[in-house]
Structures are given as structure tokens and as C-alpha cells.
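Okay, so subunit A shows up in both of these, paired with subunit B first and subunit C after.
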Partner chain A sequence: MTVFNLYIFDKFGTLLYYTEWNRTKKSGMTKEEEAKLTYGMLYSIKSFVAKISPHDPREGFLYYKTNRYALHYLETPSGLKFVLNTDTAALNVKELLQLMYAKVWVEYVVRDPLWTPGTPVTSELFQTKLDEFIKQSSIFGLRSI
Partner chain B sequence: MCEDIVFDCLHAEIVNYCIASNNKHVDLSTLEYIGFTTGYRLIERLTRDAPRFKDELETMKFICTDFWTLIYKKQVDNLRTNNHGTYVVQDKAFRFLTRISTGSQQLEHAPKFVAFTCGLVRGALSNLGINSTVTAEVQSIPACKFHIEVNRN
Partner chain C sequence: MIIYGVYIVSKSGGLIFNLDNNVPRIEHEKSFTYPLDIVLDYDSKKVTVAFNKKESINVGHVLVSVNGILVNGATLADGRNVKTVLEAEENYPVNLKFARPKMTTNEKIFLASMFYPLFAIASQLSPEPKSSGIELLESDTFTLHCFQTLTGVKFIVVSEVGLGSMDMLLRKIYELYADYVLKNPFYSLEMPIRCELFDSKLQTLLEIIEKTGFNNLDK
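Up next is the complex of A and B:
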């Protein structure tokens, strides 16, 4: 099992943070273009899910899966969007994202007085803590054959 | 946990406000003064049940243990003195610096986040009858050293 990459968007669609671990296929466009495309797709899926759902969509869109990878989506009440791509065998990614939001984002970005809300995160401390957090998680590293 | 974040955010905003209102050149005196008045009032409340202090050193010890624990949820890591009115208080993980990245760029911002505490200590000591000058020194985030110079005259 492995983790590919992570996007963090705010409620206006600004890319606040992007990082990757074991990504092999490049999209052939710039990071900004790719982020816009990803956000656009997620936005569409979200409204599609809301319209098509036969019941009240409590949490809305959670994840999708292809043959090769799975995209996990977490939206906080404040509109922050965490998007994590993993391989298809990863379990409990939603809990992992929730924990990352509470333990890493809130602690090292929100409480960093040098970060201005709505701007991309450049804090090295956050980068280190995030890297540690993901590498410690059970879904990182074990490559399924 | 909740009260921690309120204090941290409020402190960060006070710093921003004080810096933004006179952005021509960075002036930390307002910030230091806010700390001074806070410390001056706070010490009354904190020493409510404490007996009178024997000497200066005992007062400093009180600042490093009880006072620090109440505000920063930890004791200072080291207290040194030359026995001639100079004290050096070292905190290896100073609360307002623990969320900031270590780096030379961030180091430039460090003085903003220690000015309030300098005033806080000065105010507290002032109300306990010790006139002093408090300065801070940050060499590597999040460690911080406070130099307390007692004015005798």
C-alpha cells in the first residue's frame, strides 16, 4: 500500500498546499493547472452527488476508486478540502484525513502566527510534521504486489 | 486545550495589530507596555496565597516556576544568575515560538513574539518591588533566553 499525493484547497478553490510521496505518473502540466483541474472535478462531483442522491446526502462525496488508485476527499465545515490519493487497498483514509486535519493542520498552520489565512502554506515545520504523520500511518510504505 | 488556543490567537493578533499600526519602523514598545500592565495586575492574583518572599532570588524562582506554569503551562528550563542582579531565564520551547518554523527568515520575526513576555516579567517584578530591564534573545527557534537586569539605585 502506498500514498501518492495530497492537495489542500480552501473554500474558494485556492491551492493551499501540495505534496507528493510516491507519485510515478506526471500530468505534464504545471502544478497550478493541475490543481485547478482537480478542484474543478471535485466541485463537479460534489454538486453531482448532491443532485443525484436519492436520500439526504449527509456527508456528500467521500471517495472514488479506479483500477489503479483511490482518491479520498474530506471537506471540513469551514470549507477546507483535503484530497489524498492512495492505492486501492488503503483502509480508513477518512479517519486518517480527519486526524491529519486536527493534529497537523490545526496545530501547525492555524496556530502559526506567521501564516495568513487564505494563502499557500510555506511553513517548514508543517511540512516536516505532515511528512512524519503520513509516514507513520499504516497506509504508507507497504507496497502491495 | 481550548483556553490555550484563545490566548495564542489573541496574542498573535495583538502582535499584528501593534506592528501594523506603526509600520514605518518596527516598534515593540507598545507590545512591551501591554505586557507590563498585564504582568503588574496578574501578580496580585497569583501571589494571593503566597507568603512574602525572602529575597530577590526567591522572587525569581517564583517567576520561573509558578508564574511561568500558570501562563505557559510549563516551568522554565534553566535559571542562572551572577549574584549581582543579572538573571538569565531559559525556556527551550517557548510557547509563542513552538508553532513557527526554524529558519533564518522566521528568526527575524522572533522579537515580535517575545516582546510581550519581556513586559510581562518586568511588570510582575515591578509589583513585587524589583525594578528591572528585561530583554530577550532568540538564537534558534523555539528556544528563548530572557535577560533580567535588576536596576539598583
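Up next is the complex of A and C:
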């Protein structure tokens, strides 16, 4: 299918933003619980990757794939974490996430005086811009067999 | 084509087999003057670099030796305390050797049991129905490939990045496991694998793959 959902976490693990597009399966728990589980899993993966890596890691964990979806991970030096679930055929998602950080997050959240850092984002402008950005990307329309 | 390691995790999440292959030993020796410009973290078990990486000495590296004398935890081989030696100005200039910490067997068992819930949560958090667990995990320094058999045994291969699918290799290892481990009358299920024949066959398989890739793979 296409892009499934997106989580944005801050460095303390607070869920700043969640949105979904083509999600067909619900995990059967509340959004908060699911976010906590996701963050906990990523935290463990990070330490797992740092330990098992044969060389010194620079960026560390990039993505994982199962047979149905791929989870792409981008962490900024300030600890902000972007987690995007796509289908397994999506390419260059890391570049897309970096672009999203620079073009959408910084523009419409960081520069929004009404947003208090460390709290969930409620800005409608950000929501529409993000939706537009993802829908315009090349991986959104992609359909794998 | 470099394969760093092969791990087999049993149905219940225990590490039952592990083979290290071609793991690079990262070590760097450098002469330092007083005061020390890298920040060290003194722990009772090891002395690690906490801040200010220099050339190839990275954060997280462990102090191995001081002037050629091996470091044992927080003390030198001759009984002196590392911290007192490094804080005394008269000992400088000093030659320090740092290395990336090697995983101990205990840590490997710990990591294997850590992978088990990650695998399960990945399938639970799936946005699509009927997802498997993690099949491929990529970081900037390695790729991890995992294959779970129908009976729940996981075969994990850690290789360099940028290699295509390792399906062939994983299935081949499964085949070796079925042939040389399960048919061994002295092997009890869920227990660590100690079969010499399996070891040697796996080693040969890895050698073939590292030299010629998957094309020349035969029985």
C-alpha cells in the first residue's frame, strides 16, 4: 500500500504528534499506550544496535522491515524522533524524513509562537502542511503487489 | 561480502548458538600529555571515553592498557589504580591504548533475549494485518537479517550493509541445523548447540559465501 502512519517523539519520549493515512490494522490499545510501546521498542532497538554493531555507529538504527511494513527512524541531534511506517518497497524515506523535519516541522512548529516545546502539537496549519507534504511525496502513491 | 556473526535463538528466546566471524578488532594507541584532553569515565568494571573523541578514539571505547601495562577493570596489572595514575602529572607523557569493547558471552545472551520482544512488538505494532516480526534491521554499520522457522527458531545473520537478501544463506543455515543438530542423538532441544560437525559445516558455508557470493552455493 502506501504510507501508513507517523509518530513524532521528543527526547523524553513524549508523543508530540501522531497521524495516520492508510492504516488497516489497529493495535487494540489506546493511542497513548501504543505510543509508549513504540517509543520503548525504539529505545531498546537503539541500545541493541549500539551493542551489536561491529564498528562505531554514527547514526545508528535506520529502519527495520517485516514482511508487511517497514519502520523508518530519524533522530535529530536534539533527540527529536520521527518514525514513519511505510510499505516495504518505499525508497529514500530517510531523505524524505529529513526534508519533512526541515520544511514542515521547523517551519510550522518550531516557528509557531503558540507552541510550547515538549507539548503535543495541535496547530492546524502544521497538520494540513504535513498532510500535503506526505501526499505529494513519491512514496505515497506507490502500490506494491 | 562480510558476515560478522551468526546467532541462533531458540523458541523460548535463549541464545543456543553463536559464531563470530571476521569481527574487526578496533584498537588505537596514542601518546597523551598533561592534562588529559579526553574525558574518561571511571567505573569499577572499566574505564571508558565519555567525551571529546580524538582521531580514531571514539566515545564508548574502553581503556586497554597504559604504557603497555594491561588495565584490569579500574586497576592496572601491577596493582595501581588507573585514576590515580592518570591524574598524577609526573606520569606524563603517557601512552594509552583504547579499544571498542568486545561483547562477552553474557552480553550476547542478554542481547539475544532482548531481540525476542523486539521481534514480537514489531509484529504487534504493525499497521497492516498479519505482519511477521523483524526480518531485516539496518543501521549505518551493519544489517541484521532474521529468519524465523515455523517452529519458532530464529536464525540471525549480522552482515555488512548494502548486501541484498540473505534468504539463501539463512535457509542454508536452517538446512545445516536440521541435518547436523536435530539429527544428532546427543542434542536435546532448546539447549546450546555443541556439535562439531555443524560448526565446521557452517564455517565452510560462510567461507564459500564470503569468497564467491551466492552463485556457487551447492550442497
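By our rule, the second predicted complex is superposed on the first by the 144 of 145 C-alpha atoms of A that agree within 3 Å, B and C clash if a C-alpha of one lies under 4 Å from a C-alpha of the other, contacts with A are read in each partner's own complex, and residues count from 1 in each chain.
We adopt the following convention: a residue touches a chain if its C-beta (ideal position, glycine included) is under 8 Å from a C-beta of that chain, and two chains touch if they have at least 3 such contacts.
Computed from a prediction, not measured in an experiment: that's the story for all the values here.
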{"item": "Three-chain arrangement built on subunit A, subunit B and subunit C clash or fit", "value": "fit"}
{"item": "Touched partner set for A:5, first subunit B, second subunit C, both or neither", "value": "second"}
{"item": "Subunit B versus subunit C as contact partner of A:111, first or second or both or neither", "value": "first"}
{"item": "Per-residue contact with subunit A, leading partner among subunit C and subunit B", "value": "C"}
{"item": "Shortest CA-CA distance in Å separating subunit B from subunit C in the superposed model", "value": "28"}
{"item": "Interfacial residue positions of subunit B with respect to subunit A in the complex", "value": "5, 8-9, 11-12, 15-16, 96, 99-103, 106, 109, 113"}
{"item": "Residues of subunit A that touch subunit B when the two form their complex", "value": "107-108, 111-114, 123-126"}
{"item": "Residue ranges of subunit A touching subunit C (in the complex, touch as defined)", "value": "1, 4-5, 20, 22-25, 27, 34, 37-38, 41, 44-45, 48-69, 71, 85"}
{"item": "Subunit A-facing residues of subunit C, complex", "value": "4-5, 23-24, 26, 58, 60-61, 100, 103, 107, 111, 114-115, 117-118, 121-142, 144, 158"}
